[in-house]
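My questions will all concern the structure given below.
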């Protein structure tokens, strides 16, 4: 008899769901026993994602057909909006199940902020209160004892790992933060959109959602919490012709600190972290260094403008920016070694 | 007998030289009669750039072998440092020749700034004084009457077209300008470097020369001139996995002005310009819109931080960022229509 | 008053329609006066293709609203199946109009073959009989005097230019032709399909429609006509992670001839052709050499297997493989110089 | 005390060496204790390959400085030609060491064929005789008992897995095999070459070494051995704009067999193989399905030409095509489970 935890992945036909499957299928303490994808129900997973041809995976089913009591944990890669109602139903059917939500539905703690950015009142407000923000490095203890973790967006993970220790230590002016963010195309999901066609996104570069991206309030929530005051940040994302990877170039104003102070503060904050590395002086983070892995690399650089500095962070949006971090959180929740199933080195080239 | 101007391209084996050839070969008033490339002397151009198989071009020769009196103009795509001595020799041999320099050698007007950033005293200081900065839209009259034009770098062209009219109109704080710049790989030239190999640069994204890129002082020179005071700007370039294209995301602090004021100022500045277009409110510039063309597109967007705005500009680094602008300047110098040979529409997809 | 011909482009929201617009907008003897795109009717062309921001183009309208008598020619970039009925209506309304069809509807001369491969009886059989196959180099005279030209598919253009002169000269065994074809992603059009998303098509390579691609019967029709007997060819297409470009590697069995005989036959066939170049011995055709241009490059190579040879051809699928060849045909039909508007050199890099 | 085998990687600054490091660093029974790279001796591995920042690896040293008696096995990713002498020295110093050679030096069994294709007499002919060809699936027993394994080239691995079972079973005419091969750019190594620059190889496609590629005699050696007679094959490689991945489209003439016979023969041959999968009828292999993994996928398709079929295989050139297969062989040689350290699923997207 297997002592592995029984895992379901909801929304297995999307990229975050698929990357959860990729990692969970080789996890030493996990066993995928349920996969849902309502529009593909009845099909084999390898028909939807042919790179899984070597795995023996359960058929895709509709989420309404799942017996939640047979599962120890679910990873939820569903679209925002519908997720909250489904998770409420799941937790009602099995209050002991662990939920790793990779959607945006439980990330914002403030109901008004949620309603403003997502266009409707939250439909499971009591769970919104219960959910723990799943940025592992900052909420480790709470995550370990929770049953519902709202895994952060990819951009917030990259930005917050670069900025929160600096905000906490009051080394930077939290009211003058500019985040120029660059993301690979998988960040837009597997849905069919004209701007993510190869012929449109390839060999070119475009900003999008300038001033209106829904990851901005999430970043503000956490920097505000770290700084102890409400903040507004600039967050300007750009679509880059690569599939995976995210790089945030954060421009900060120093509050009396030096560039070395910033690097020291980050190095101290992440000294014992298995997945967050602060680059040595002069070493440039690049997304190639983390592709396919759960690692984050952060570098700090002087600005030519006095009293300014540049903090650059990179991660893989589908791993540390989504499925990988969710598994890291699951490891905490079940008491597994935090790195279990996540030690793949970046695939380069 | 042809009444076309006789043109030489020096450094024809590099990307900027080749793009000058691509455009000049179809220019209605120009005829390429000389091509130099010292390391490839004696070879046919189509052996070095096989996409020219359909053209009847002169053989590559060493620049020392050229009879400058037979030429009306030269385009110079040589590396910085050596360019200044070669151009001095060319102008000595034929003082009436028109020189379109695409290198960095004559762009900086201040000798000390030049010496600091390029590591040696200028070797043709009198010509440095004579050279006109070739940003067509701002120096049109001077260019028309000059014989030596220092065509700007690709990044300065993109940044300055976005910022100079705002600095002149005192709409922005010139001491708080941050330019997050993104460039395609051709910007690094055709020389063999590990970081520009397909397997290294592809499917990834990396910042480079953070705080140390030689285009920064050029940007500062021109913004300083526009504002009437010395300035220091942030300029942070990133290498993007695409061959051509450049996008500058400029973060500016407003000096009492509104975002619409900025857009209006730019629209007025470029109302009659054939190649610079200010995008309508809400339209996002993207490099795909200008690939292979001499056009520039600029957009203005509100920042979520109060009193801040974002100005985004795109161009093709080898065309308006180099060879195209050089031809635009040549057209002025010879009294041709400014758009002659430059009306290609962007190649999309 | 303009003496330019008045041109309509039907299906202007697709890639072939857009490339026709890109080229026609700078054509010396053409003027775009009508653009149709039924799903986008009422919108500006630059909202659908933002790289046209610098052009003053007519609004998109529904094809049913067009007054065909106001047009001298139409380019038709509509899906196959519907095209035939629309063209019938156009020619009924204005029998003197010139029609350049870029769809598949009139390419096959045999009604049964058409019905077999396209799944329905032809709906304009009399026009099918009238239409001239628009491979310019082989049907120049017929094209010049016709009013309805069925421009060939991109793969047939590349394959037939490589093979027809060899079949005609009986240098190869026409019953043992294998065409391994590789195409960029624009070949699949602008419609939303999962396999043409950047994240799916990028960084990978896949065969498709093996043994079932509709360009096969078109290739067989023309090689059969050249050889004087019905033939079946192997045609195996592959999707390559690039936007534009097509390369056909044709494996042929020699019928007594040598590899040099093949090269000579092709060189003779295309000696006076403005757009088809036979590469010198040892020179390797590559798609980069023709990107964005109307040129074709063909090379001939020995096979290690005795009595076999390899013929390789490249073109840009949207130009010589579609819109460019259509314009070349239009030039013939109106008596313009055949190269008018088509002399752009390949955009490399 | 670790009971892991002590491993050295020679030529660790190349792509195959690096991929060996990537996989060995997470191998349960291996420990990397030596890394050599003569041109980078003295540097940290993460300075040469920054994506290894999270690993604690030995410094790079010159191969002459290594104490071979401290090692249980070496992986050799050195250029061909020099490899043979170095391996001779290694085996002299430590006759019990296991050598996994990823170069071409010991792949050809016939000395004359070697001399003809590599331009010089073999410099370690006795070892050439001893070496076992490391295509695991066909030489498993010999590999398990050998100390020197010549791991096959990437193209031969892909081609031979597709063809050898068919040749053995006499289902195909071995004198009429055409292999149209497509490879990602890492296949050309990390050396600086103009044609592998991003700006040259991107957005385009080119054949290379047509009729002259050194993997051809290797393929012929093994198909000849399987068929029991000398053969000459067509092998035509193409460079594809992707970093990793290889696809061989093999055109074969049937010797009385049906397409289903071919698929059955391959399915039977690989029924118990952990890494070779024969796709179900109609399923198209694509390189995306195996990227970063040690898996191979093979599909069989009917040709429209009678008595012909198409066999398509895909693999990752740096994994099953090089470092992965070398580790698979090491596992056999040490008696580890054959899949140890090699079960990563393809990274898609």
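By letter and in written order, the chains are A, B, C and D; residue numbering begins at 1 in each of them.
Following the convention adopted for this analysis, a residue touches a chain if its C-beta (ideal position, glycine included) is under 8 Å from a C-beta of that chain, and two chains touch if they have at least 3 such contacts.
Keep in mind it's a predicted model, so treat the numbers as computed, not measured.
Among the remaining chains, D is positioned farthest from chain B, on the basis of C-alpha centroids. A count of C-beta contacts for the chain pairs B-D and A-B puts A-B on top. Measuring from the averaged C-alpha position of chain A to that of chain B gives a distance of 40 Å.
Note: centroid distance chain B to chain C, computed from Cα atoms, is 36 Å.
The distance from the centre of chain B to the centre of chain D, with each centre set as the mean of the Cα atoms, comes to 45 Å. Counting partner chains per residue, chain B shows two or more touched chains at residues 15, 186, 199-200, 202-203, 241-244, 286, 288, 291, 349. Interface of chain C with chain A (complex): residues 15, 184-186, 190, 192-194, 196-203, 241-243. Across the complex, chain D meets chain C through its residues 175-176, 178, 180, 182, 199-200, 202-208, 210-211, 216, 232-236, 238, 240-245, 247, 249, 251, 284-288, 291, 301-306, 308, 310, 312, 349. Those residues of chain D that touch chain A in the complex are listed here as 15, 18, 22, 25-26, 49-55, 186, 202-203, 243-244, 277, 279, 283, 286, 288-292, 295, 297, 343-349.
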